[in-house]
Amino acid sequence: MTREDGRAADQLRPVTITRNWLDHAQGSCLIEFGKTKVLCAASASEGVPRWRKGSGLGWVTAEYAMLPQATHDRSARESVKGRIGGRTHEISRLVGRSLRMAIDYKALGENTITIDCDVLQADGGTRTAAITGAYVALFDAVEHLRAKGALAGEPLVESVAAISVGIIDGVPLLDLPYVEDVRAETDMNVVMTGSGKFVEVQGTAEGAPFDKAELDALLELAAKGCVDLTRLQNEALGR
Amino acid sequence: MTREDGRAADQLRPVTITRNWLDHAQGSCLIEFGKTKVLCAASASEGVPRWRKGSGLGWVTAEYAMLPQATHDRSARESVKGRIGGRTHEISRLVGRSLRMAIDYKALGENTITIDCDVLQADGGTRTAAITGAYVALFDAVEHLRAKGALAGEPLVESVAAISVGIIDGVPLLDLPYVEDVRAETDMNVVMTGSGKFVEVQGTAEGAPFDKAELDALLELAAKGCVDLTRLQNEALGR
Amino acid sequence: MTREDGRAADQLRPVTITRNWLDHAQGSCLIEFGKTKVLCAASASEGVPRWRKGSGLGWVTAEYAMLPQATHDRSARESVKGRIGGRTHEISRLVGRSLRMAIDYKALGENTITIDCDVLQADGGTRTAAITGAYVALFDAVEHLRAKGALAGEPLVESVAAISVGIIDGVPLLDLPYVEDVRAETDMNVVMTGSGKFVEVQGTAEGAPFDKAELDALLELAAKGCVDLTRLQNEALGR
Amino acid sequence: MTREDGRAADQLRPVTITRNWLDHAQGSCLIEFGKTKVLCAASASEGVPRWRKGSGLGWVTAEYAMLPQATHDRSARESVKGRIGGRTHEISRLVGRSLRMAIDYKALGENTITIDCDVLQADGGTRTAAITGAYVALFDAVEHLRAKGALAGEPLVESVAAISVGIIDGVPLLDLPYVEDVRAETDMNVVMTGSGKFVEVQGTAEGAPFDKAELDALLELAAKGCVDLTRLQNEALGR
Amino acid sequence: MTREDGRAADQLRPVTITRNWLDHAQGSCLIEFGKTKVLCAASASEGVPRWRKGSGLGWVTAEYAMLPQATHDRSARESVKGRIGGRTHEISRLVGRSLRMAIDYKALGENTITIDCDVLQADGGTRTAAITGAYVALFDAVEHLRAKGALAGEPLVESVAAISVGIIDGVPLLDLPYVEDVRAETDMNVVMTGSGKFVEVQGTAEGAPFDKAELDALLELAAKGCVDLTRLQNEALGR
Amino acid sequence: MTREDGRAADQLRPVTITRNWLDHAQGSCLIEFGKTKVLCAASASEGVPRWRKGSGLGWVTAEYAMLPQATHDRSARESVKGRIGGRTHEISRLVGRSLRMAIDYKALGENTITIDCDVLQADGGTRTAAITGAYVALFDAVEHLRAKGALAGEPLVESVAAISVGIIDGVPLLDLPYVEDVRAETDMNVVMTGSGKFVEVQGTAEGAPFDKAELDALLELAAKGCVDLTRLQNEALGR
């Protein structure tokens, strides 16, 4: 089987991470997985939500959204519809949970970091690009707090990256663009730490249920992709 | 390690499925996993949503919700808040996707089955109880269509059941009640077919990232639980 | 005239009240008027709404809602529609007002009791079943506060029960199921105290305006029904 | 007992009905019960809601609302809050139901009359003023349809008027302004036809439950008030 | 060119300002520009919004809305639709900004004046009638605060009035009713102080872009109209 | 007076227009006015809104929005708040009206062009950058329709550009960044055609009312700015 864009089964699309794409945000990057473009911006502010006050612990949260013309056919704005869709909710929660795995709340102190991941263009893998870019923005927001002397220690205990994998015509493939995504029998999003452990595994049978061997093959592929993304994150951060 | 309710690590809580708990719905059951009680009701109606008309294909969808006093502390109604929360959206989508794996749309014909899973009492595992009970309601809604001569074949290609698993103090455990759920380092919900294949695998690191060995142990435990649940479904359905 | 279910004109449907149907709520019952099933749950919490703080007075409020498959044809969820319908609002207000008649706020102290009445199955008379069951849940929530030593006296000054009455083909009938309800020329819901006084009288001409004699006949019938319901409440409460 | 404004117990406040207060609406009046001012406007349009199409029957509906500065203290706009309150819903439904009693749908033909009752100033009795004024607006909207030749017969089978009654210090009183309304032990709104029959009876115990004798006294008082209002409606309509 | 209502190009429609049309509001008037009727009501309350507390400065805000039957064809209520339309938002903001130009916040002290402009009937120029009437209501609300001794000085530094102008068939016209408004090639709303300066200039090409000469002609016409309106405001206020 | 960024009073900030910044949209550009970055995307689709069907006329509409981290301090998402703010509504309407002046609906045929202007970073002048960029996206969307043979003629009758002007310390200045914007006594947004005529003039007194001489000075400055922007648009479009 040949992929439409000529990639090997275990090869990422061209990934670029443009750090500090914004001027105001405490951390930001424009991350691109092929034609998928996500603007990740992190704000760092003193204080935590009411339910966490006085705990000495910080908080990290995330919101994911898509511009109306990110998709091939324009989709209606959620602000115009007056309600957030299930998919948006689901991915926002996934991004937030994933990023929180990277953080030691105690070292963060009572500060809140909010990460916005806005998809400017969508071509598959938007949630995994969002998580991968969000980590870069988070890193710089933490640095901002460090420079202000607002930290109680080193809050970044891990790096986090994410990639999609799927099975098409029985072949496990890494980093699916839209044309592959719609054809996948099984679709999986995997979030991993820089140290190679799992943060989230979300596998979904699209066309037919899958067995343990298929699951294992997909996880192996995802692990390889996350290693590559971790390296690209480090390069972007000058580490 | 001893579980608070004395169960073995790979043992389900007492499960009861009361079929046809409702009089009007085309299929229904009250399913209980220990103290967790979910009322599953399926309506079967002719016709499909606009975007599917003329396709000859049916449609299955699901909505999950929780009564305000299902939880230990009363939670505000989503209808009063005027918006559905992310968790509700996420689980509704999971239940719908899982049930759709059981169905051959062509054999269903242009009919729509809507399954409502309302949590009357929550004590952990509400989404897995919902999926397991929803299958029973779905089965009877299909029978209802069959009796009316509205089917184009046999739409039920699989049975579907779901269970939660998690790791506490390093020990993988099956079917976590609330007291265990809040302590779990890793939490996984697994949806499987009666034939032992995976429909959904959703693993989340709660306290710390997990490795492949832990993942494998959890999947094995889940597989055992789903076999038990499939048997209980069949008993409830008199098969 | 013979009623479809063979009852006498002044006879209730079979009524069952299953006390403590839930484990978490401070008071609860599943109440059934024939096929109508309403789950009533009461939470008791310290403190009162902001506008009542420092008054020394407690507060009682209620919410009524219907599950989507409670009715013959599935109705859309109000949480999904993003707004509460007029009927739901109207009945919630009625239930709250009625229950508040049973309470001495001063003796309740600055505690709040919230009663949720969720209709699991609807076959006429859901609001009257809700009020009748809500009193049972309220009673137990008060007992819960008493056991905690949180009361300033005896807050329960009355019991409250409710029944529907209507005129069909000129004949006044007690406790109308759905098939009778849709045929009624006049429809009335009456809430009464255990001591036989009126809390609410809501009479509505459905097909034609009614005169004083008809009104009197309906009120007499309702009074008889409320006496029966009061007895059943007392039995359920072991009094 | 002397009333603050010197009225007899069975006396209405000064009532004025200014017919055709608006230029565009097919029927309208500004109705005043003392300081209570309600602008009633009726639109008459061809066609009926979707669920009624092809039935040959017309439709009448009503909406009630209050301007933010109608009350002593400004209240927030429901449009700004983004939701309609329970009281507004409840009264809109009451006005609509009451007006529909006046109408023969068949004679109305497939036309829709929508009546808006906007409270410009509130001093008690706004819902009863609304119903009484709405009838006048309805009458002219029907005339408008008649002039266009759009009617299938005489749709106005009855006139409808409404008044509030209440018990203060044990004395039944007619047409309560705000200062009396807040002191009432029992509060009742009664809608009657011009022929003296009941359309709606809504009695609510505010301070203490009431008995049959009190109910009867209130109904008698209301009947007298409705006779007076019917005469004033006829005068306004030049009958 | 002759205007349908026979007015000169630079002539206002008959304007009436009925001061204190309401009894509860601290300031109010019913203002009419021909058939356009706007009810303006001002509430004056102690305290300011949270973000302004402790500043020693007051606040003035406004809300504009239209009754459903104000227009020729009934329009749906924004409260029923659950959202405020762009036009309503835009005009509310314009009215608020315009009125704030009349006020010295320091002299107002920490008091808030809220002005509601509700269009009872619309025939063109509703926003300019609203601003012109709102000033009268504002004036009386300030007097109310003065009488209570709540002011820190003289907050009314200017009077404010507004008028619409437009070009039809190349001719600049003052104060356009609906029939002219829909035909205008260019439409402008101008808010001016009693001293003849500009507060807001909002010119919009409707049919074709306009040049500087046209703009100047419209501004001159508007200035004349505002002088007339200022005189009428002063008469209404007995100055 | 010296401007913080050293510009002359009548000088634009550096403006860049990156055409076709997106791959899917039928027209797009990233437009930058200094640090202000707006992503403009135009979709072109067959068909028009329901109320325009069968007219033979096309339709152009626009939506403006701001990403949460576009501003110095993160602002809440309108989708999360569940409602669109007044400022967003107002600017969306302004952008749409302005673009529609560029279009001959008849030549456009029954096609709809929707232009989204999403502010990625805000530093003053976002609405004027949006209009200027939107024209570029509109141009390419029209070309797309032309290439498909979907046009009935040449719909682009004009080009449109916009700029802000303001008075600071008595000096009229062109193209205000945020630091100047907050200090301006008078603030004006001017939309002009490539042929030098006015489409919109929106002048607002911020600190004090303004006179005709100030208005004239601002309009002259704006005219110069729009000439420069028209040239830059033409360069970007390769004309």
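Which chain is which? They are A, B, C, D, E and F, in the order written, and residues in each are numbered from 1.
The rule we apply is simple: contacts are C-beta pairs under 8 Å (C-beta built on N, C-alpha and C of every residue); 3 or more make two chains touch, one makes a residue touch a chain.
Nothing here was measured: the structure is a model prediction, and the numbers come from that model.
Chemist: Steps needed, at minimum, to get from chain A to chain F via touching chains?
Modeler: The fewest touching-chain steps linking chain A to chain F number 1.
Chemist: Any idea if chain C and chain D meet via the same residues, over half in common, or different ones?
Modeler: same
Chemist: In whole angstrom, what separates the CA-based centres of chain A and chain B?
Modeler: Each chain's C-alpha centroid was found; their separation is 28 Å.
Chemist: From the C-alpha centre of chain A to that of chain D, how far is it in Å?
Modeler: From the centre of chain A to the centre of chain D is 59 Å.
Chemist: Could you work out how far the Cα centre of chain D sits from that of chain E, in whole Å?
Modeler: It comes to 33 Å between the two C-alpha centres.
Chemist: Going through chain E residue by residue, note those that touch at least 2 other chains and give them in order.
Modeler: 82-84, in rising order.
Chemist: Once bound in the complex, which stretches of chain C touch chain D?
Modeler: 83-87, 89-90, 92-93, 97, 101, 158, 192-193, 195, 197-205, 209-212, 215, 219
Chemist: Touching residues of chain E toward chain D in the complex: what are they?
Modeler: So the residues of chain E touching chain D come out as 22-25, 28, 35, 39, 41-43, 45, 63, 65, 67-74, 77-80, 82-84, 88, 114, 116, 118, 120-121, 123.
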